[in-house]
Amino acid sequence: MAIKKNSLVDKEKERQDLGFGTNVTSRQARIIKANGEFNVKKLGQSFSARVNVYNKLILMSWPKFFAYIMAFYLSINFIFASVYYFVGTENLKGITSENSLTAFGEAFFFSSQTLTTVGYGHVSPSGFLTSSIAAFEAMIGLLIFSIMTGLLYGRFSRPNPKVVFSENAVVAPYLNINGLMFRMVNEKNNQLINVEVSVIFSRNELDNGEIKRKYYNLELERKQVKFFAMAWTVVHPITESSILFNETAESLAEADAEILISLEGTDDTQADKVHTRRSYLYEEILWGHKFDNILSPVDNTYVIDLNKVGKTIKAELNS
Amino acid sequence: MAIKKNSLVDKEKERQDLGFGTNVTSRQARIIKANGEFNVKKLGQSFSARVNVYNKLILMSWPKFFAYIMAFYLSINFIFASVYYFVGTENLKGITSENSLTAFGEAFFFSSQTLTTVGYGHVSPSGFLTSSIAAFEAMIGLLIFSIMTGLLYGRFSRPNPKVVFSENAVVAPYLNINGLMFRMVNEKNNQLINVEVSVIFSRNELDNGEIKRKYYNLELERKQVKFFAMAWTVVHPITESSILFNETAESLAEADAEILISLEGTDDTQADKVHTRRSYLYEEILWGHKFDNILSPVDNTYVIDLNKVGKTIKAELNS
Amino acid sequence: MAIKKNSLVDKEKERQDLGFGTNVTSRQARIIKANGEFNVKKLGQSFSARVNVYNKLILMSWPKFFAYIMAFYLSINFIFASVYYFVGTENLKGITSENSLTAFGEAFFFSSQTLTTVGYGHVSPSGFLTSSIAAFEAMIGLLIFSIMTGLLYGRFSRPNPKVVFSENAVVAPYLNINGLMFRMVNEKNNQLINVEVSVIFSRNELDNGEIKRKYYNLELERKQVKFFAMAWTVVHPITESSILFNETAESLAEADAEILISLEGTDDTQADKVHTRRSYLYEEILWGHKFDNILSPVDNTYVIDLNKVGKTIKAELNS
Amino acid sequence: MAIKKNSLVDKEKERQDLGFGTNVTSRQARIIKANGEFNVKKLGQSFSARVNVYNKLILMSWPKFFAYIMAFYLSINFIFASVYYFVGTENLKGITSENSLTAFGEAFFFSSQTLTTVGYGHVSPSGFLTSSIAAFEAMIGLLIFSIMTGLLYGRFSRPNPKVVFSENAVVAPYLNINGLMFRMVNEKNNQLINVEVSVIFSRNELDNGEIKRKYYNLELERKQVKFFAMAWTVVHPITESSILFNETAESLAEADAEILISLEGTDDTQADKVHTRRSYLYEEILWGHKFDNILSPVDNTYVIDLNKVGKTIKAELNS
């Protein structure tokens, strides 16, 4: 009896779990969205977890990032200008304007010259209060710009793998059996090394009358390559022990199947770890197709055509 | 006999050791404090090891950090102002004050303008000595602010996992046996990948008449997940080979049992390694409870309710 | 039959794949070029992938890098000078020049003083528009210099292993058989630790009448060393199970053989991962040679002579 | 015969190799010096490998580092001052001095104000050439200070494990046999996690009449701990399969034995990898001693006394 217990435990150990409850399924919802994000929403997050400023600022688009920087810069200057104006622009030597609007403008520009530490000096603070504020602003400016410039460089230097995946996965002949395959190319010219890929297959299964979502690791022909110099066709051989053995396009559609791909590697330039994700829904799997050749030697060089990453040709499956 | 020797050695190898002597126990002291720190105090540390400036400045609260920065900024300016004042404010061209207090104030503001490299120039150094000090201060200012701004950005960009643990661990039915379980949710929206958890069980044992603290690794149903997208219920199956087999709430209380959890993973945003710790004391383990469902599909999205991480319902244990 | 299928799959798993199609060979093209880059060209890259600014700027030579910085600095100042000039140099107080060329020059220098935040102030902006542009330029300057200085420090601090490889690999006697060997020395004085090396052998093979390029992992005597303090002679023992068993210099030349070497380790100074590559073509393998001694104790120190890394002496091979 | 060949190859694989030739021994020279550096000198290094600027600047002492910074700052200013002086100080508006020495001094201070971007402006450049030089210097200043401040922060934030080793290793009773042991304590209050230790034993051996240096990995009771919270006594059990079985203090002295220790782990604060080294010469091994208790519970806290790390008491060895 002890043996039976352990065998159940052992079997359970082999299952994959993405932290999704198994009793939750939704035919419409794919787990990984097209942009690689998980299709999930969290309730009850703390403010800092929900906003997650740093992550947002690193990941947002460049135009949005610069808009934020401009808005922030203008706001900070507006605030300090208001303070200088409130304390009295007569404490800003060099401001001659008697018009209150233009005086505010000059206070604003003085603020910007202090915040950026340009400090031309044609306007300069006088009096204890205004001088103190300016001394404070110069320090704050250095701190603020360290965040801004740190983010800017962090975004600029962020290792950002550009892995092009074939638009479709295929089930193609493989040796004397068949295999589930997809193809990837490193679009950049820098090297990715020690690239490792893992593939998880998920589908709905009937379990005691309930539809449950199950996850299975797909064993691969090769799960790691030393160099990802060119194209890599990842193959799951559909052997008799494969979960896909005897499955068809129809049975996968029926079970709402999805293939989750996770790729990790090291960017050679600065030895940074990189990571990317992709998923194929059952409808993105072509049966009886194989990938067309993508590489050709031209003169003394190997030439690879990125436009052909997803190009397939018909191929009769082994039975 | 050699065999007997080796078997003892082999047995010893399986034991865990946290660097705590085994002959030391204290019923009142938990090993990991509520805030995740080890409950330990070191005598005879060197000054630099005890103070450990960098770590302190990275880990202290934000208000405290800013207070330190302000205090440091004011102190440095005070020191340089004193030097300028001592050398003679007549060497600071542009200072007209004859009052010694306000002259010191102007020297102070000149110092701040030099330290931050604003350098308006309405006050400027003259004479060899004062000019030299100002040249030195400007350089020192750049160095000091590199530390300050480096720390600021280091704190800001520090990967800081926000993993919410269930308030209690439970002993719940698991397959046809029982399991020790706790649940975790990644509170942030960024991804943690390759998350690995290890669980150490410690308790007092009678060994040759002495009470000793012993540590055991608990084998887990799954010790690593590829993605930590949502909730993860970590399970130690209480099989016949488990150290918890035949234990009860009473026997754990008697033995002052504690469960130490260590979680490691990689933050997806910048591929940073993250780490967090947690412990459950025997009194935080609920027997005959299981975790309630935390996830529900709403429209095309999976919704997870963080308030329910620790929510349990009664469940009859397998015998 | 299932067994036969699996045995084919298993055999395929052992093969190496560098992402090169197996049906592509070119006698003239070596896979890794002399400078360690892959000999590959990609068509259809996106603009950002092709340009890959960050990588280029990190990897280019120092003179080129400084030329780029100078050109960029001059261009930015030229652009802003043009804007100031267009708006009207009368808004730059302190410019007295009536000559339009020298006025442009003064606008240019004002721009440089703003961009670098020097801001002497003998020239200063007046009027809303010019002041706004200057405020904008000072901010842009801080952002631009954060990229430039970040790149500069990134290049400067980049862990750059200087591993000297022997000019030739050798096939030398090894114990009572022979071995394929090459020798490496860490030229720098800092430590490389946990150094791991992997060696891939590739050659042309006749497969169903087609010439295909095949890749094989060579098993090593030692594939990792804890410390790479001095010279390391990497050895592939040519046992009966080796792919090189019974091969000769002639058969390797015939098959256009190449040995690809990848070395990874950790730089001790900042615990940075480092990586380097090397390849030997068949014509760079010396048969019946062994490496000469490179190390000698002098007084209380071990002395290693880098000029002898590739020095070999004749040695009769075991049959 | 093939089998015999392979068994030799297999035996060779188990040997350790630190890149030292095996036929080189020197009774006086220990391999790792007291400060953790390898006792090695390289001839024929390239200039950049020998100087290795970045490493030197990161690892040198703080006083030396600041001395370098000061010297560099003074030199750069001296150079630019010379250029301004040569071009003519009449182009530096605001310099009134007619004495050539004090004019040079003013040029020097103007240079420092430009280099640091303070730019008070009481002295300002005029004329195309001087203005150009100043524009160049301001840019150079930003670049230079990015190196200086980057190095400063790199040194400041560098994870620097402070592991205190016992002054001696001991051979002490261990279970029913004996063990070679040494003790380590993490002196700092931050956590080291996933700490792994490896121990290499080296000695002279007679091999075909020649004295050769041989290296052996010592198997450990525990080679990794999850947390290095306190004291860790590393134990090599001297079983019958140990290379130390039947060895004595005398035989180790005879063979010039040395134990090399390498420790790696992760600093919890920023998830940085850390690494440290240590060696014990045969004369630093105490036979028949064991380590005294170092830990005691005080109130609700565990207290560890760093002064007792190396404290041993006599203990009769098992025979």
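Letters A, B, C and D name the chains as they come in the text, with residue numbers starting at 1 for each one.
The rule is short, and it goes like this: a contact is a pair of C-beta atoms (placed from the backbone, for glycine too) under 8 Å apart; a residue touches a chain by one contact, two chains touch by 3 or more.
By chain, UniProt protein names: A, B, C, D = Ion channel.
Quick caveat, the model's predicted, so the values are computed rather than measured.
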Taking shared residue numbers divided by all residue numbers at the interface, is the value for subunit C and subunit D over half (same) or under half (different)? different
When I count C-beta pairs in contact, which pair ends up with more: B-D or B-C? B-D
State, to the nearest whole Å, the distance from the C-alpha centre of subunit B to the C-alpha centre of subunit C. 36
Using mean C-alpha positions as chain centres, tell me how far subunit B is from subunit D in Å, no decimals. 26
Scan subunit D for residues touching two or more other chains and write them down. 113, 117-121, 145, 150
Would you mind writing out the residues of subunit C in touch with subunit D in their complex? 69, 73, 77, 102, 105-106, 108-109, 112-113, 116-122, 145, 148-150, 152-153, 156-157, 162, 175-177, 185, 187-191, 193-194, 221-222, 225-232, 237, 239-240, 266, 268-271, 293-307
As the complex stands, subunit D meets subunit A at residues 117, 119-121
Mind pulling up the subunit A residues that touch subunit B in the complex? 2, 4-6, 8-9, 12-13, 16-21, 23-26, 28-29, 31, 38-46, 48-50, 52, 54-55, 58-59, 93, 113-114, 117-121, 123-126, 128, 131-132, 134-135, 138-139, 141-143, 145-147, 150, 154, 158-159, 198, 200, 262, 264, 272-275
